[in-house]
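Sharing a structure here in structure tokens format.
A, B, C, D and E are the chain letters, set down in written order, and residue numbers restart from 1 in every chain.
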Amino acid sequence: MQIGKVIGRVTATRKDERLVGTKLLIAQPIRLDGTLTGTPIIAVDTVGAGVGEQVIFVVGSMAARAIANEGAPVDAAIVGIIDSLDSEQ
Amino acid sequence: MQIGKVIGRVTATRKDERLVGTKLLIAQPIRLDGTLTGTPIIAVDTVGAGVGEQVIFVVGSMAARAIANEGAPVDAAIVGIIDSLDSEQ
Amino acid sequence: MQIGKVIGRVTATRKDERLVGTKLLIAQPIRLDGTLTGTPIIAVDTVGAGVGEQVIFVVGSMAARAIANEGAPVDAAIVGIIDSLDSEQ
Amino acid sequence: MQIGKVIGRVTATRKDERLVGTKLLIAQPIRLDGTLTGTPIIAVDTVGAGVGEQVIFVVGSMAARAIANEGAPVDAAIVGIIDSLDSEQ
Amino acid sequence: MQIGKVIGRVTATRKDERLVGTKLLIAQPIRLDGTLTGTPIIAVDTVGAGVGEQVIFVVGSMAARAIANEGAPVDAAIVGIIDSLDSEQ
């Protein structure tokens, strides 16, 4: 899984019907010190994350497991809100 | 999922039969400010996207779920047309 | 899927038996203007592509779907030969 | 699989329930000489790895296989603790 | 699939039991001219490859298909030993 920060939200009226009702957040991958790295992605929120929160997100087919509608074409999902990152770095 | 912009279309007469009838668009990954990043990919359109539109695309095995013929060898699909990107950045 | 150019072929006598009889081509990812980008990969040809042709290739588990022997350990396959790339760029 | 070094641990109270009880470690990809490369990821520990140890981690859907609860939305798992890396480099 | 060179071997006593008995080799991705590119990975050998040999390796969930124990948490496997790379480059 990756460490990210929720930086925003996407709205899309015309979308796959199995994405209707999902909360599409913009997750920016971050380093351990919180600085930004890589490209923001769109992830389905499954734990009530809000803008500014540090989160755990999963990518690829495993992301679809986190979604209520497991048949949805989803490749990224937020599956945790980080309390703390304890690291040597 | 990723944020992209539809920048064109691909035609290929000789292709896997399960791709026949699909609309193969060229999706260019973009940053939140709309500037281009990374390499364009070919994605099957499933929501009626047009050139110039900002879209949501899914990659990997989950993309095949978005296609009418779920057995097709597809690893990228457009699953939403973006209305708005609201972000801190 | 990705845009590539067939630039060669691989021969490997000692290989997984389910790859026997497959045509292993070297596909070089290219930009829309045809210039090279990224690292060449080995892809199973499924549409009769030849050296110099621009092709569509799929990667990951979906590639295995394009192969006659769907049980083969394959993560890249050529699934189309490009007639034209119509793009704004 | 990749070579990494465990550099820390993540705590997240609000998370997917199938992640409850898993040990979420921060794994930093490393080169053969031990220097850091790429971005740290969050991996579920399945072999009792500790901070500072060099480990083998698997990513993608295969990571979920290593977890006791195979239904968990997991895309990275530590599946081995390295004794030695014997290489020409 | 990718082109690589076997540059070493990994030993790990404490590992997922389904990896016991597998030969874990270090595969370094290479360009067509044999120069090194990218980061070495750990791949399960399935064709008797040795250090110094140029090989074909598959990554992702398809790698697990190449392993005798298909249930193993594996995301990279060597599935061929290259005889020749015939390319325009």
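Some points to look at:
As a working rule, contacts are C-beta pairs under 8 Å (C-beta built on N, C-alpha and C of every residue); 3 or more make two chains touch, one makes a residue touch a chain.
For clarity, every value in this text was computed on a predicted model and none was experimentally measured.
Among the remaining chains, none touches subunit A as well as subunit D. Separating the CA-averaged centres of subunit A and subunit B is a span of 19 Å. Subunit C and subunit D, compared by their mean Cα positions, are separated by 31 Å. Touching two or more other chains at once are residues 60-61, 63 of subunit C.
Read around the ring of contacts, with subunit A first and subunit B next, the chains fall in the order A, B, C, E, D.
On the subunit D side of its complex with subunit A, the touching residues are 7-16, 19, 24, 26, 28, 39-43, 51-52, 60-61, 63-64, 71-76. Those residues of subunit B whose C-beta lies close enough to touch subunit A in the complex are 1-3, 29, 31-32, 37-38, 46-48, 56, 58-63, 65-66, 77, 79-89.
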